[in-house]
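The two complexes that follow have chain A in common; it is paired with chain B in the first and with chain C in the second.
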Partner chain A sequence: MGTYEPIFSALGLRSWCESGEQSGGGPVSMADLLAQNAGTDAPAPSIWEMPFPSMDELHEACAAFPQSRVLTKGLEDGFLGIKDGLSLVLDPITQPLSWFLEGALWLFETTPWWIMIPALLAVVLVVSRSRKLTVFVGLCLLTFAFIDYYSFAAQTLAVIFVCAILCVVLGVPIGIAMARSDRLQRAIIPILDMLQTLPAFVYLIPLIFLFSVTEPKLYGIAIILYAIVPVIRLTDLGIRLVDPDVIEAADAFGMTDRQKLMKVQIPLALPNIMAGVNQTIMMSLSMVVIASLVSAPGLGVLVLRGIRNLELGVGLVSGLGIVVLAVILDRTTKLALARINAGQDR
Partner chain B sequence: MNGLISGSLKASAVAAAMAFAIGGGASDAHADCGEVSITEMNWASASVVTNVAKFVMEQGYGCKVTVVPSDTVPAATSLAENGEPDIATEMWINSAPVYQKLEAEGKVKTIANVLSDGGAEHWLIPKYLADKHPELKTIEGVLANPELVGGRFHNCPEGWGCRIVNDSLKQAFDLEGNGIEVFDHGSGETLAGSIAAAYADEKPWFGYYWAPTALLGKYEMVPVDLGPYNDEIHQCNRNTECNRVGKSPYPSARVVTGVTTTFADREPEVVEMLSKLSFTNQQMGAVLAWKEDNNASSEEAAVHFLTTYNDVWGDWLNADAKSKLARLLK
Partner chain C sequence: MTETKIAIRDLYKVFGPDPMTALKAVREDGLGKPELLERHGHVLGLENINVDAKAGEITVIMGLSGSGKSTLIRHVNRLIDPTAGEIVFDGRDILGCTPEELRRIRREQMSMVFQKFALLPHKTVAENAALALEVRGISRDEYLPEAEKWLDRVGLQGYGDSYPHQLSGGMQQRVGIARALTSNADVMLMDEAYSALDPLIRTDMQDLLLELQQELQKTILFITHDLDEALKLADHLVILKDGRIVQQDEPQTILLEPSDPYIVDFVSDINRARVLRVRTVMDKTTATDGVSIAGEIDQEENLETVIAMAEGDTRKTYLVKDGERKVGILRMDTLVKSLVPTEATDDGIRAR
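Our next item is the complex of A and B:
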């Protein structure tokens, strides 16, 4: 019997407690079984062993008191109850994500390597204007292709490409909105904190109930929700950090809010925004393996295979492949950022 | 002044330590066996097996049991590299080729088929679908009506042994040619989640799963008949190097308890008990179904087994342990 039984008796709740006893016996705990074997009731615990009056402890004392698992089961049942309505709303909103991912994967997979690799190198050259970087990227891509990792790397690139663009397209406006309203900022910051720390699987498995697990949007959502946070935070920061004197001068010139935003605030906040974009890309790459746990194609699949089969070499090489992709994207966006900064300091 | 106080504190600390040592020593006087480490795999039936074994070893044989949470491949590797833990139970040895190598080298002894009927691996459809369309109970029926099973086969994740076999079977049965898209799941969680999601909406589902599991205890599924079992074909299907794939269902999987040879030499009585420790699929299935119905934890499910099947586990014990657990064996 529980430590807290006397309390329930003192409160006169004995009959209510007894009504909760399951006939036929519900689950018996290991402690009770050991007590049965010892043939005595478990001795009253000393003050050092007194347990906290948690739900399970109170349930021990009074069978009608709910156990803590009732809480978790209740949450589960609640979710299953609303999932149809949620699915009706969320499915159409997120469908474009599925289309983009499927389109990008198709593009990166069907384009032959002798078009794809030069195209990627051309993009790198135009964006960064650095021959050294282009040569480095070329060497990396050719190494991937040589060790039979090209298709996996291309799939990962396609997924990251779509997710990073969507993060920027969605994140920058949210950051701007946050910068203009303190209340909105106070409301959104806890959500951002949660998105960065809540384990992805916690919300991904319920999402399987809303969308089919075969939809690419499942892993798309996983990556976007995690990676969108830096660009939002840094856009908000960048705009708030714009020199108030400059804002005053803009007001003195009679600029409208919109003109101020487009012509003064965003251009001056651009270094911070670009830093946010850079971090967003890095964080989406860090989600590659978790995305593969929910059936995303790419290098993450190889990492998982290496982990599960204890093929250490496969795990290491594909992990390094992800690092190399990260380095390529990081250097490219940093050099693009440097060019924007240089353009700024006229 | 301060020296006196700290001196007396030190004396009482020493006295307390001595009391602990003596008190501790007194309980050790009953220990027949020493420290034992046992794996607990991260699925429901393994949890039940480990908790039952732990209870019997601690209460019947006086062992000090440490539970090591683990998984099939890490456990086999740990046995190979470190000779730990002492007992690896619910080893699905088909999924861990390194285990068979260890057995051949004599580092590990397989002492029991802990799931006496063997694990069951099947291609499954939900019961509501089988009731509505009985022709789907054979693979020919499924191939002829792909849209009735949702046009999709849910495959195992990369790294599971069944992935190799399924990839062979999908070629042999030509799933893609018959209009069934093969979807490779990223993890066991999404595979399980897809079954739960399909059951919640009574949607069609067709794919691989294994028993005994809590999932199949909760959601009733019917196996699809893949034809007669052929050992030669199955061995080829299991082998990534073999190309001559063929049509054969899964045999029942050997699920064993393995102990290190050092442990076997150290504790022959405990090993004797463990060699008898086994569950039929019917028993394990009943326990897992009970666990699901009562929203119980693994420990409580083990307790349920111990209280419900006390005629079964009584036979596992030696006379000494039987007397210690006499009250529960009534």
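Our next item is the complex of A and C:
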């Protein structure tokens, strides 16, 4: 029996423990089974082998004491308990995300390549104002098309476009609100820290419970939660870093809060906000690969196929394809950022 | 007698978590700045300030860093709220204004020039100059010509489409002044406007301000830590030390009758000939019998001009006139005596 049995006896909890034993206790662990099979009790342990009084160890001493698996089980049961109510609320709220993603995927897939590729190049040219980069992007896209990876790359791009835009639309106002209120900032920063450090796979588990795996919003939410952090952080930082002298001047000339925000704070914080957007795009790209586990389309599916079927070639080519997409997105946004920076170099 | 445009009355400012209690200690127990910091942990920013800024005059507030001068000027447009006291602007207490009224005053009646220029880096020079008009909601087509007009006036023709970072410090501050002028406000608050500029450019800008002032007759509150600058610009000079007014008067009076060892130290190495004017050192007599008059001078001339006119000859005597009227005579030897500097005090700031 357990090392800590005497303690329960001394506390006069014997009868409570035994009541636990009678009710059959929790599930039987492998260790219990092994011990039953061996049929022998271990010799009394020395002080060196005294185990930490953990939940499992105490359970051994007193059957009524809960095992540690009850904790995780309880969490799971609790989540399942509120699941229905939660998805009743979240489902309609997040439904537009599914529509956006479906719409974008439809757009990228049905538009013929000879319209899509020039259109993408035009966007790159407008954003970056660099002919060199546009030529590079053109070559990359044509290579994708030539080796029959174009549709996968287009799907990945579609998902990233939707998620990144939503990240900015949601993240910038949150960042602004944080910059204006120290209390809000203190409340939100731990959440951001958690979102940023939580292993990417962990996002998927509760989402699978909440939404059906066939719905695009499942991976959409995972990507947005993961990628929204930098744009919030850098918007907050950017607005807080705006020169207080300039803010004072804005006040002295009688600007309203709204004028100050639109005419001074956001324009001056723009380099930081754009840096956040760049990071957000990069992070959605990395998450879109992981999200292929829950049916996100695109190059990630091929990476997954490479791993599952040990198709080395497919895995490598699609992995490199993701790198190329990352380079394209990074260069384009960085050049846009550099342009903004040059505009307000002091 | 010109009317008072801005009157600052019994103004106190205490920085700290509980300013009202600390203020009580200052008023009732007469605590000074160091005692208040020691006993209550509060900083006494301004103590019993009373200043009248007359319409159309330049009121200069001078003090060393930490004397509270920048804090004081920020009370006038309420960038900082006082702990006690009132600020009367055109006959009404600014502290009673609603936020809406306050914004209107800041937009239309007061403009400000900053030490670090505080221009908007993402806007062109012309857009910066037009800030006050833009804030009022005036359309771009209307405000740009107005901004260009004032940019020309401060010597920045053709720079309207540049960005502030392309301009030198002196030029950036010209934009700052153009911005204040474009707002067409009666009152200009200048917070160490020239302190960040190098000496030659600073002299230029001082001349520019005096020239503009002759034409525009604004009410200017000017903050500086430089006595030469203060004496050159001031119609009315306020000397601030540790949040308290040490002396305020016409610059020449302060120079001739410093009321405090602190001021004596300040004025001891000033070029007195440049500040003092004929009317302050002349003999008020119209009897010119038996005196050989070497020439006529206006009573508002400074002594430097007279010395140059006499070519350094101390035996000459001049007839002083106010316009056409004779008001006195000026002997060159009297003039020289008035130039003897006041001794710096032994235990003053210089001795340390």
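Assume the second predicted complex is superposed on the first by the 322 of 346 C-alpha atoms of A that agree within 3 Å, B and C clash if a C-alpha of one lies under 4 Å from a C-alpha of the other, contacts with A are read in each partner's own complex, and residues count from 1 in each chain.
Going forward, a residue touches a chain if its C-beta (ideal position, glycine included) is under 8 Å from a C-beta of that chain, and two chains touch if they have at least 3 such contacts.
Because the structure is predicted, anything quoted here is derived from the model rather than measured.
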Which of chain B and chain C A:T214 touches, first, second, both or neither: first
First (chain B), second (chain C), both or neither touched by A:S292: first
Chain A residues touched by each partner, larger count belonging to chain B or chain C: B
First, second, both or neither for A:R69, with chain B first and chain C second: first
Contacts of A:I307 with chain B and chain C, given as first, second, both or neither: first
Chain B versus chain C as contact partner of A:V246, first or second or both or neither: second
Touched partner set for A:L80, first chain B, second chain C, both or neither: first
First (chain B), second (chain C), both or neither touched by A:I205: first
Partner chain in contact with A:N341 - chain B first, chain C second, else both or neither: neither
Interfacial residue positions of chain A with respect to chain C in the complex: 243, 245-246, 248-249, 251-256, 259, 263-264, 267-268, 270, 343-346
Residues of chain B defined as touching chain A within the complex: 51, 55, 59, 73-74, 77, 98, 152, 157-160, 183-187, 189-190, 193-194, 196-197, 200, 294-297, 299-304, 306-307, 325, 327-328
Touching residues (chain side chain C, partner chain A) in the complex: 77, 79, 102-108, 110-112, 114, 116, 118-122, 131-132, 134-136, 163-165, 179, 183, 189
Of all residues in chain A, those that touch chain B in their complex: 26-30, 32-34, 36-37, 39, 69, 73, 80, 83, 201, 205, 208-209, 212-214, 219, 291-296, 300-301, 304-305, 307-310
